[in-house]
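Working notes for the structure below.
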Amino acid sequence: MTITRNWLAHAEGSVLVEFGGTRVLCAATVESGVPRWRKGSGLGWVTAEYAMLPRSTNTRNDRESVRGKIGGRTHEISRLIGRSLRACVDYKALGENSVVLDCDVLQADGGTRTAAITGAYVALADAIAWMRQRRMCPGDPLVNSVAAVSVGVVGTEAMLDLDYSEDVKAETDMNVVMTGRGDYVEVQGTAEGTPFDRTALNGLLDLAAVGCAELTRLQTEALA
Amino acid sequence: MTITRNWLAHAEGSVLVEFGGTRVLCAATVESGVPRWRKGSGLGWVTAEYAMLPRSTNTRNDRESVRGKIGGRTHEISRLIGRSLRACVDYKALGENSVVLDCDVLQADGGTRTAAITGAYVALADAIAWMRQRRMCPGDPLVNSVAAVSVGVVGTEAMLDLDYSEDVKAETDMNVVMTGRGDYVEVQGTAEGTPFDRTALNGLLDLAAVGCAELTRLQTEALA
Amino acid sequence: MTITRNWLAHAEGSVLVEFGGTRVLCAATVESGVPRWRKGSGLGWVTAEYAMLPRSTNTRNDRESVRGKIGGRTHEISRLIGRSLRACVDYKALGENSVVLDCDVLQADGGTRTAAITGAYVALADAIAWMRQRRMCPGDPLVNSVAAVSVGVVGTEAMLDLDYSEDVKAETDMNVVMTGRGDYVEVQGTAEGTPFDRTALNGLLDLAAVGCAELTRLQTEALA
Amino acid sequence: MTITRNWLAHAEGSVLVEFGGTRVLCAATVESGVPRWRKGSGLGWVTAEYAMLPRSTNTRNDRESVRGKIGGRTHEISRLIGRSLRACVDYKALGENSVVLDCDVLQADGGTRTAAITGAYVALADAIAWMRQRRMCPGDPLVNSVAAVSVGVVGTEAMLDLDYSEDVKAETDMNVVMTGRGDYVEVQGTAEGTPFDRTALNGLLDLAAVGCAELTRLQTEALA
Amino acid sequence: MTITRNWLAHAEGSVLVEFGGTRVLCAATVESGVPRWRKGSGLGWVTAEYAMLPRSTNTRNDRESVRGKIGGRTHEISRLIGRSLRACVDYKALGENSVVLDCDVLQADGGTRTAAITGAYVALADAIAWMRQRRMCPGDPLVNSVAAVSVGVVGTEAMLDLDYSEDVKAETDMNVVMTGRGDYVEVQGTAEGTPFDRTALNGLLDLAAVGCAELTRLQTEALA
Amino acid sequence: MTITRNWLAHAEGSVLVEFGGTRVLCAATVESGVPRWRKGSGLGWVTAEYAMLPRSTNTRNDRESVRGKIGGRTHEISRLIGRSLRACVDYKALGENSVVLDCDVLQADGGTRTAAITGAYVALADAIAWMRQRRMCPGDPLVNSVAAVSVGVVGTEAMLDLDYSEDVKAETDMNVVMTGRGDYVEVQGTAEGTPFDRTALNGLLDLAAVGCAELTRLQTEALA
C-alpha cells in the first residue's frame, strides 16, 4: 500500500491510496458550521461520500448522476466510511465545524471500501492539522486513528486483502475497522456461500488484527 | 415474540411478527422468472425490500416515495435482509423462480431489522411450501433456517434485544444472523461510542447465539 | 366494517379499518405549526397521504419509493382524502397546528379510498381530542363528521360497497363522501363502460345516503 | 367559446380552444401500436396529458420538468381528460392504435380542465378522421361525443362557467362531463366550503346539462 | 418574421414570434428579489427557460416533466438564451429584481433557439418598461438590444435562417447572437459533417451580420 | 501539458491530462453494439460524459448523483466533448460499435473542457487501435485528430489557456476545437461582459489556431 499525501491542491487534506490495482482518491473538506439538526449543540460533524468512476472497473458502470439515484451499495459504503471516521473524532473539541470525506475510486481491484477508510483517516488528520493551525477548533479533535482491512475465506483458507478475482471466489467476506490501539470500530462479516462457524470467525478476526496493525504503522509513517 | 402466519389473504406467505412494541409485516411474493442478468442460468433468486410506515415511530417521518428517493438506512437494511434469506435457499432447487420479501414496519420499538429477518424466514418457508404444492420447483430449495437478534452493550453490560430507549443508549450495537444449525450468516457490529475490544465482542457473540437458538425454536413451533 | 382505535402506540390517533377483505391503517399525526404558505394566518391545516403496501393486492406492485415517483392514482386519492377530512374542521379553532392523516392499505379488496376516509375521520377525532386535552387549540375544531361509500352499477343493478371482483365488472363507479348531517362533501361518479343517465345517478345517490348514514352510526359507536 | 381547428401544422388533430381568458392548445397524436400491457388484444388506447405553461397564470409557477416531478393536480386532471375521451371510443374499431391528447394551457382564467376536454374531443375527431382516410382502423372508433362544463355555487347562486375570480369564491365546484346524447361520463362535485345538499346538487346538474348541450352544438358546428 | 406583443394577459411582457413554421411564445415575468447567492449585492438578475410542447415537432416527444428530468439540449438552449439576454441589461440599474424569460415552442420548423432570443428581447423590453412605470428600478436597465440568427452551409452554400429540412442537411450550423450595434454576444458554430475552414467561417459571420441587422429593425418597429 | 497514456488498467484507452493545475482523467470504453435508435444501420457511435469530482475545485460542490440530477453546465460540456470527438470518426469504418469517453476532472484550474477534449482524443485513438488489433472494425475509423483550446480577452489583451483566476476576469471566453489539419469543428465564443467586435473575434481565432497546432504536436508525440 502506498499513501501519497497532498495529491490535490485545493483540499484541506487529500490522499491517493494505492493498494494492488486499487486506487482511491480521498479528499477532506473543512466547512465551518454543521448540518441543521446539530446547530447550536457546540458539537462538530464528520461525514463521507464514496463513489466509483464509471471505468474504474473491468466493464463500464453507468454513472449514478445519470441514472438519477444512488445505488444501495454506494449508500452502504458511504455510511460505513462515515461511521468509521467519526470514531476518530471528539465532536466537542472539533467545535461546530464539519469535515466531509470524499472517497472516489479511480481504479478498483478489490478492497476499495477498506482502502478508502485507511486513506480517509490520513486525509482527515491533515484537515484537522490545517484547522488547528488556523485555531478553528476549541481542542484537539483527533482522539483515535482507524484503519481497515478485508479478510476472507477462499476455499478453506483465511486470507488478507483479497484482490478482485479472489473476492469473487470468497466463501466469506469480512471487513474489519480497528483503531490504532487495536479496538474494533466495525466488524462486518457476510457468508457469501456456506455459513461460517465460530472457529472460522475467530481466524478471520486474528488475521484482521495483524493487517490493521500493519496499516496503522504505514499511516503513522505517512503522517510523520 | 409472536409470529402470526397468513396475516394477508393474497400473499403466498405472510407473517406478522410482534416483538415488544415492534410489529413488522412480512409478505413473500412468488414470481415465476428471474431478473434479467440471471435468465437462462436455471437458478432462482430471492430479494427483499424493507420500509417503515411514516408513523411507525415516535415522530412522523416523511415517506420515501414523496421525497422521491430511498434513504441509505433503508437501502442498507433491505440488502441485509436479502442476503440473510438467500442463505436459506438452494438456487438450483428453486429453478428460475423468484421470491420477493416485503418487510414493512407497522410499529417500531427497536430491533426492526432483526425482527424482519426472523419473520421473513417463516414467510419464505410458507411461500416455498406453496410452490412445492404446485410443483413449481425442481427440488427442495429450503436448505437452512435463519433467525436474527440485535445485541448491545449498555453501560458495561451486554444485553439481548434492546428496545428503542436502550438502543439509543447503547455503546455498541451488533446484529447477528445465524442459521438453525448455529452458523453465522452475517455479523455486523458497530461501536456507536467507545470502540470495543475482543472480550466484549466475544460476550456479544455468546449472547447472540443463545438468542438466535430461542428464535429458531419459535420459528419451528410456528411452522409446525 | 370493524373500527379498531389506538392500533398504534405512537400516533396521536390511529385506527385499523377492516371492511370485507380490505384493511386500512389510518394514523393521525399532530404537528404544531403549518405549511409555509399558511404561516401567520392563525389558521390550521389538515392533509392526507394514501399508499398501498406492495403485496396488499393480488399481484405485487412495485413500491413508489423504489420507482422514485408517486403515481397518478395515489396522488388523486391522497388529495380526495385530504379534501374530505378538511370538511370536518374549523381551521380557526384549530389554531396554527397541522394534522397529517396517513392511510396505508395493508390489504385491498375494493373500496380502499372510502374505507380510508371513514377510518381517518375517527383517527382525526382522536387526535383532536388529544390536542384539546393539552389545550393546544383555541376552540373546538371538529365541526362535522364524514364517512364515505363506493356505489356502483353492476349489470343494471345499483350496489353498495363493491368488493374487488364486483368493482372490476362495474359499469359505473361512484364515490360519495357525506357529513353526519347528510350533506355532500364530494361526489365522484365515473362511467367505466356505458355512460349513465340521470335516473341511474339518482339511484346511486340514494343508495350512498343509506350507506353513509350507517357508517356514521358505526363511527359514533366506535368513538363512544 | 371559440374552437380553432388545425392550429398546429404537424399534429393529426389540433385545436385552440378560447373561452373567456382561458386558452388551451389540444393536440392529438396518432401512434400505431398500444402500451405493452395491451399488446395482442386487438384493442386500441386513448390517453391524455395536461400541463400549464409557467406564465399561463397570474403569478409564475415553476415548471414541473425543472422540479423533476409532476404535481398531484396535474396528475388528477390528466387522468380525468383521458377517462373522458376514452368514453368516445370503441377500442375494437380503433384496432391496435393509440391516440395521445396533449392539452397545454397557454393562458388560464378558470375552467381549464373542462375547456381541455371540450377541445380535445374535436382534436380526437380530427385525428380519427385522419386515420380513417388512411384506412388504419378496422371500423369507426368514434361512438360518442363529449363536452364538459364547470358549474359552481357562488354565494347561494348556481353559476355556469366560472372565471378565475368567481372560482376562488365558489362554495361548491362541480365538473360535469356529458356525451352529446346527454348521458354522464363523469360527475365531480366538491364542497370547497360548506357541504351542499341534494337540492343544490340537482340545481348544479340541471345547469350543467344546459351548458354541455350548448358546447355539443359548438363542437358539431366546428366539425361541420 | 412576425412579432405579436402582449399575446398573454397576465405576463409583464409577452410576445408570440412566428418565423416560417416556427412559433415561440416568450413570456417575461418580473419578480422582486434575486436568487439567494445574489442577495444584498444591489444587483438584479435575468434568467431563461426554454421548452418544447410535445407535439410542436413532426413526431411527438415525451414531456420532460413526465420523464422527470430535463434533457441536455433543453439545458443548453436555456442557458444560451439567459446569457444572451443578460447582455442587454445593466444589473445595477435593475436593482435587486429578477426577470424570468419563458420561451415555449408551440410549433417547430428550424431556428427555435434564435427565434426565442429575438422574441424574448421584445418581451424583456416590455417587462422593463412595466417596471419603470412602477418606478421599481433605480435606473434604466436596458442598455443593449439583441437578436439572433442561425446560419448554415447546405452543400457548399452559406444560407440564412434554415428551415427544418435544410437544417437536417446542413454541413455546418452556426448560431450568432448580436447586439443592435453590431457586436457579438455569442458565436456558436458546429461542424455537423465535414470540419469547416476560416473562409467558410467568415462567410457565415458576414451573412449573420446582415440577418441580425434586419431582425433588429423588426424589433424596433414592433416596439415603436 | 502532460499526457500520460494507459493511466488505467481496465479501460481500452485512458489518459491523464495535466495542464497547469488542471488534471482530467479520460477513459475510453469500447462496447460492441450501438444505441437502440442506430441499430441495424451498420454505423458506429461515439459519446462522452464529463463530470467534476466534488473537491476538484476550490470549494466543494455537491455530487450530482446525490442531488439526483445533472446540472446544465455538465450537460452542455458532455455534449460538446461528444460532438468534437465524433468529428474524428468514420462511423461506417467503425461498424456497429460504440466508444464512450468518460472525462472526469480530478482537479480544476481553468480550461477543463478543452483539456478533456484534447486528452479524450488520445484515449479514443488508443481504443480504436485496441479494436483494430482485435479486427472489430470493418475499416480504419480514425479520420481526423482534434484538439481544443480556450482563449479569452483579459482587459484588452487576447490570451491563450487562461487559468482559473484569469478566466474569472475574462471579458470574452472562447473555446475552439480544431482538427489536426487546421479546420474548425466547434467555435464557441461568449461575451461575459462587454460584447466584442469582429476584430477581437479574429484575434482570438488567430491565437486559437496557434494553440491547437501546438496541442496537435503534443498528441502526435504522445501517440508515437
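Should a chain be cited, it is by its letter among A, B, C, D, E and F, assigned in written order, with residues numbered from 1 in that chain.
The criterion applied here is as follows: a contact is a pair of C-beta atoms (placed from the backbone, for glycine too) under 8 Å apart; a residue touches a chain by one contact, two chains touch by 3 or more.
Nothing here was measured: the structure is a model prediction, and the numbers come from that model.
Colleague: Keeping to the contact definition above, tell me which chains border both chain B and chain D.
Modeller: C
Colleague: State the chain with the largest centre-to-centre distance from chain B, centres being mean CA positions.
Modeller: Here the answer is chain E, farthest from chain B.
Colleague: Using mean CA coordinates as chain centres, what's the chain A-chain F distance in Å?
Modeller: Chain A and chain F have C-alpha centres separated by 33 Å.
Colleague: Just curious, how far off is chain E from chain C if you go by their C-alpha centres, in Å?
Modeller: A distance of 49 Å separates the two centres.
Colleague: Residue numbers in chain F touching 2 or more other chains?
Modeller: In chain F, 68-70 touch at least two other chains.
Colleague: Chain touch graph shape: choose line, ring, star, complete or other and state it.
Modeller: Shape = ring; chains linked end to end, path closes on itself.
Colleague: In which sequence are the chains arranged about the ring, given a start at chain B and a first step to chain C?
Modeller: B, C, D, E, F, A
Colleague: Would you tell me which residues of chain D are touching chain E in their complex?
Modeller: Counting only chain D, the residues touching chain E are 8-11, 14, 21, 25, 27, 29, 31, 49, 51, 53-58, 60, 63-66, 68-70, 74, 100, 102, 104, 106-107, 109.
Colleague: Quick one: in the complex, what on chain B touches chain A?
Modeller: Residues of chain B touching chain A: 69-73, 75-76, 78-79, 83, 87, 144, 174, 178-179, 181-191, 194-198, 201, 205.
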